[in-house]
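These are the structures, in structure tokens.
The same chain A turns up in both complexes below, where it pairs with chain B and then with chain C.
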Partner chain A sequence: MTAQIHSFPRSTAVAVTVLPLEARFSLRLRAASREAAEAALGLPLPDRIGRTSEQGGRRALCLGPDEWRLDVPAAEAAAVAGALEGGIPHALVEVTDREVTFLIEGPGSLDLLAIGIARDVRRLEVGRGARTVFDGVQAVLVREGEERFTLAVWRSYASHVEELLRQGAREIALGL
Partner chain B sequence: MSQPFRIAGHGRVDHAQPVRFTFDGRTVEGRRGDTVASALLANGIHLMGRSFKYHRPRGVVSAGSEEPNALIGTSRGPGRFEPNTRATMQEVRQGLTAESQNKWPSLSFDVGAINDRLGRFIPAGFYYKTFKWPRSFWDKVYEPFIRQAAGLGKSPTEADPDHYASRHLHCDVLIVGGGPAGLAAALAAGQSGAETVLVDEQAEIGGTLLSEPGVRIEGQGAWDWLAAALAELRTMPNVRLMSRTTAIGYYHQNMVGLCERLTDHLDVLPEGAPRERLWRVRAGQVVLAQGAIEKPLVFDGNDRPGVMLAGAAQTFLHRFGVKVGNRVAVVTSHDSAWHGAFDLAHAGVKVAAIVDVRAEVPRVLTARAEALGIEVLTGHTVTGTTGRLRVATVRVNPVQGGRVGAGRTIACDALLMCGGWTPSLHLFSHTKGSLAWDAEAGAFLPDRKTEECEIAGAGRGLWGVAAALEDGARAGAAAAKAPGRVAGVGTFAVEGDRTGSGVVAKELPTDRDAGLAKAFIDFQNDVTAKDIRLAVREGMRSIEHVKRYTTNGMATDQGKLSNINGLMIAADALGKEAPAVGLTTFRPPYTPTTFGALANLRKGRHFEVTRRTAIDAWAEATGAVFEPVSLWRRAWYFPQAGEDMHKAVARECRAVRTAVGMFDASTLGKIEVMGPDAATFLERMYTNPWAKLQPGRCRYGLLLGEDGFIRDDGVIGRLAADKFHVTTTTGGAARVLNMMEDYLQTEWPDLDVWLTSTTEQWAVVALQGPNARKLLEPLVEGLDLSDDAFPHMAVVECTVAGFPARLFRVSFTGELGFEVNVPARHGRALWEALWQAGQAHGVVPYGTETMHVLRAEKGFIIVGQDTDGTVTPQDAGLGWAIGKAKTDFVGKRSLARPDIVAKGRKQLVGLLTEDPAVVLEEGAQIVADPNQPIPMTMIGHVTSSYWSEALGRSIAMALVEGGRDRMGEVLHIPMPGRTLRAKVTVPNFVDPDGQKLKV
Partner chain C sequence: MLLIHCPYCDETLPEPEFAYAGEAHIARPADPMALSDEEWRDFLFIRSNPRGNHFERWRHVNGCGRFFNAVRDTVSDKFAMTYRAGEPRPNLDALKEAAE
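Our next item is the complex of A and B:
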């Protein structure tokens, strides 16, 4: 379930919600260990930066040559945390609480993202993600659908980003 | 009011919609679609302001953003006053309050106009020559005088209640300028499918076409063609049209800044609407179709209200349905003014005469003038004007063989001038694109490009609607090809096009003393032709020097009207060609831009990011005072009723030393170092040994740079053989992670170890004080917290208050201490659970100030306060933290450098003032002998200084040369009015044996 941030203006143009916490990990390992890790996690690990993969409710986003963001249901957190123990050199660190993830959807979503993101978000294909910057704040952006994005920022920056998104959403709702 | 100069039914304004506003308190009626300038002219008001230096009465000169004279203050209520708004750009709205500037007591009678009479005593370079000596006059006389004289309009004094927006935009083709060239470019690029953006600074897109309704394009009237072209562009999903949008700057790699005015034209402000929006556009190709700016002619009295550009009069006539006078005279060096005169004559304005400085003028023009009953005076000059607040007559003289004949006077209520046209290459100039002088056109034209751009139309010297359309289509098609589109080059059948040419004039010849002529070049900065000549006589050779000496072109219009005339006159005075004298470079922004637009979202709460912890809201609700620490805000102290900072901190310190305090340590940097080579990596990064540190134990870690100086420190806990929980200073978190990544990726890519920032994963609560264990014990499940089972510098993963936790037994106060890490979402709940449990044990929350005092009482350093980037571990008394058996670590070799091991380095010591009540100032300098002559030899400085509640006296730490060899010595701290004495001690003031940790 997602919760509408009540202070956001109701608008058909763009809606912003904060996603509830499931479980998120940062996975680091060498290319040579990738296949073994895929088997252990039951999840393909894309080898191109920005690609995502999904299987059985788990998702991987490749953020670097040796870096993946894993999103899994909260109930599977413990299982995933221990999945790679023994044998595979790696770092698997839970970062669920490090981040706040906004869901931005609606026909105005590209405009809303453009208030803070310098890159051309239109060119991000559906199902791809990128580490980027929103108004000076490091963020991970994923295009979940044509007009549906998630934007994850570190927790302490969330109120800053949220207020800017609110201001931008109000401006877009006005249609000026 | 009746608008006597409005032509009913004429122009593009909505005659059915009157708009009322005030100008200097007087109600003025205009039409929807008017600018303030056109509405005032419709009411016969030419006098719109006073000039900056001489306070001469001034009227509107132009009809566009280049306007130098008609600068007004505008307001729509408290905080919404803006000075220096160009009346030619501000659209009228109901209730707009406008006022003229630089006048006192009134616009029509101004005391400062005395400067005008004294003008000959205020020549170019006046300030440089006059305000030189005596030195003592500078502060009290000269600077206040200059400050009073400087500045246009009044600065707003209230905070701006508006907010401003910001947007990024990407496109294939950005077209600047919506005249015929820009429109043709947009059609070509748009039809190719390229993502196209067309911007225009005016309220209405159309440029020249708005002022040339008589031209026919493709068999349609210009306005019908314009409407059809805009309609077609609006149907294209790949085209974005933006009016009221000024391209203010052209930066590297086709980044163009746009300022869009969203609400200044609206009668009523929509709730929450941003006033302006700054766009940062990254364009594949840029088409500059900015047209050309008409040049004034330079003659005595050319700044009198009613003297204006001929093209502006044509725009006021066609676009706004306003005639600028009932009886106008024209003086020109270019064909274009003739056409303007004809249009005015057709509209019923009496054109008294057309004066052309050229002896030869195309017969087609003179014949037409004669047919309209206009007197034609070719080969003539203008030598003066009269009229106090509005031009009344113009004096004209024949010129033959360079000799100026006798003058005669022609009555007129407006004088239209045209000195030709200057291609508008401001944005091109921003890119450092080079210009080439075209002697025939008498203009600089674009030459070598540095960016992916095309220049189209009048901006590259082409003249006429047909040429502009054709060139725009070419430029649009060329720009669209770059992203791989196929674009056709449209052709346009144009009838009634009014092409023409002219000559470049310097100041017009006169039969009078040129030294007395007030022939203005720069209207806004009050620079005359003779100022330029004086500057050359006084030794200025480059246009850059002439500009700064005379201030020509240095006003807010950046010399849009004046630069080229100034250059021609300087070149003439120097006997050189114009390009040999040079052209000044235009800088962004193209036109004056509000600070609001430039700051946009970065105002108020969002001026800078403020990072907040999970416990921040509790601290705020409890009345904490905050201090900024890097981007974080941290609770500084928690005052209770009636407490100042000193009292609050003293109470917090007492509570920690005698009971227990709780502290939000969440901002500490945290890095998870994980992988089979984690211990090896830390061995190499930190000075301390890590290989033998057992899981479940912690150690203080010291990080140096390659130079051997302290960079950071923090406690590191080993959670497993391959997993360490590293903490850093709050401000050093990102820097340390970057430094580690740098070494890992470039020096030791072979190590199987990875770094993950977990600063924000964990909320951290520190419990410090003799009651800490008693408070914590009931909340910890299945863990023996006794000193034997869980000694100082132990770490364990456990459950605290029902939350999964990493529990450290550490102390930054010298007291029994624990730090509880829980996932950040539980931070607030953990804090409140500990707060509740602590009520029985005298718990107090404490802030960063108390934390600083308590650590100073123990001599623990703060990196960046007690170190300054030149302090080694030995200097700081931390030699014990160096693993003596280690073969290497970052900075090890530097610690053996001769100057690092030399005697006499500054070392960290404690200082106790002789007067225990005196708290030294941090940063105060220290000397050995207070009686030595000034300048004294300074041997160190105070780094930390506090009132110690535990000792009932002040304490301090200092870096002092050879400090550890001076134990017991009395040093001196000279302060204003007195010199303080302090004794050097070991920097460990409370419980020096550390007994309090062993409980």
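Our next item is the complex of A and C:
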């Protein structure tokens, strides 16, 4: 990871940290192959957009009718990369190095996300996620808890997003 | 802000997540070699450009990534409905009755 990550101001209202990524994959396959892929991966693949599933440290987020984001422990990356080989038509690409994931938590997290996201984040239920836009940058938002979100952006946009989050966090910390 | 309903995500979401993709229901001719130059020009460039309800394609590019079709009033910018790509052109009179 070459993105420059600086420290964010600490405050009780909202805290932003950069999460270390284990291994992340982008998976594309047709609905007809979904059950076979679930068995091969040992992980249920949700069939509704925005839903997540978790099993044995592996995690899937449905981003589109034929698209999932998989987060797995780094030690299992090689096993996952080869899990679907043979028989199941699919595209599975490791994208760990592409992404920077920000963890945003605290009572001010909704206010902080509102500086860049046009959709109503309050309506996103806990445990669900979505691909959306953060100030013109495509980002994947997941609501991990009531006041706990992860925002994943492509690495080349990370410094821009980071700067905006830093400014927003500072304004919220100062009560502006 | 314009809110658009994505038929794949089944959610109504803000316009920055979407991209406009031209008029809908324009099928590429099965045998382009059989067309005259005028017919080919019409297929490529000539669009209906109505004042009122317009059938158009949109893509949920910053979301599920799917193309879908929409009926939008070009005067009021109001979306009458959206539906999945590949579905037939909806009957507008039935739409109006449903709205009333």
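By definition in this document, the second predicted complex is superposed on the first by the 170 of 176 C-alpha atoms of A that agree within 3 Å, B and C clash if a C-alpha of one lies under 4 Å from a C-alpha of the other, contacts with A are read in each partner's own complex, and residues count from 1 in each chain.
Here, a residue touches a chain if its C-beta (ideal position, glycine included) is under 8 Å from a C-beta of that chain, and two chains touch if they have at least 3 such contacts.
Bear in mind the structure is a predicted one, so any value in this text is a computation, not a measurement.
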(request) Report for A:Glu144: first if it touches chain B alone, second if chain C alone, otherwise both or neither. (result) neither
(request) Name the contact category of A:Ala118: first (chain B only), second (chain C only), both, or neither. (result) both
(request) Mind working out whether A:Glu76 is in touch with chain B, chain C, both or neither, as first, second, both or neither? (result) neither
(message) According to the stated criteria, A:Pro65 is in contact with first (chain B), second (chain C), both, or neither; which is it?
(response) second
(request) Check the residue A:Ser159 against both partner chains and state whether it touches chain B (first), chain C (second), both, or neither. (result) first
(message) Looking at A:Val95, would you say it contacts chain B, chain C, both, or neither? Reply first, second, both or neither.
(response) first
(message) In this superposition, which partner touches a larger number of chain A residues, chain B or chain C?
(response) B
(request) Could you look at A:Gly50 and tell me whether it touches chain B, chain C, both or neither (first, second, both, neither)? (result) second
(request) Please work out whether A:Ala130 is in contact with chain B alone, chain C alone, both, or neither, and reply first, second, both or neither. (result) second
(request) Share the list of chain A residues that count as touching for chain B in one structure and for chain C in the other. (result) 118, 136
(request) Mind listing the chain B positions that touch chain A in their complex? (result) 163, 165-170, 262-263, 270, 272-274, 280, 282, 601, 605-606, 609-614, 632, 672, 674-676, 752-762, 823-825
(request) Could you pull out which chain A residues touch chain B in their complex? (result) 21, 26, 28-30, 66, 89-99, 111, 114-115, 117-118, 120, 122-123, 135-137, 154-157, 159-160, 163-164, 167-168, 170-171, 174, 176
(message) Quick check on the complex: what are the chain C residues that touch chain A?
(response) 1, 8-11, 13-17, 62-66
(message) Can you tell me which positions in chain A touch chain C when the two form their complex?
(response) 49-50, 63-65, 67, 118-119, 130-133, 136, 138
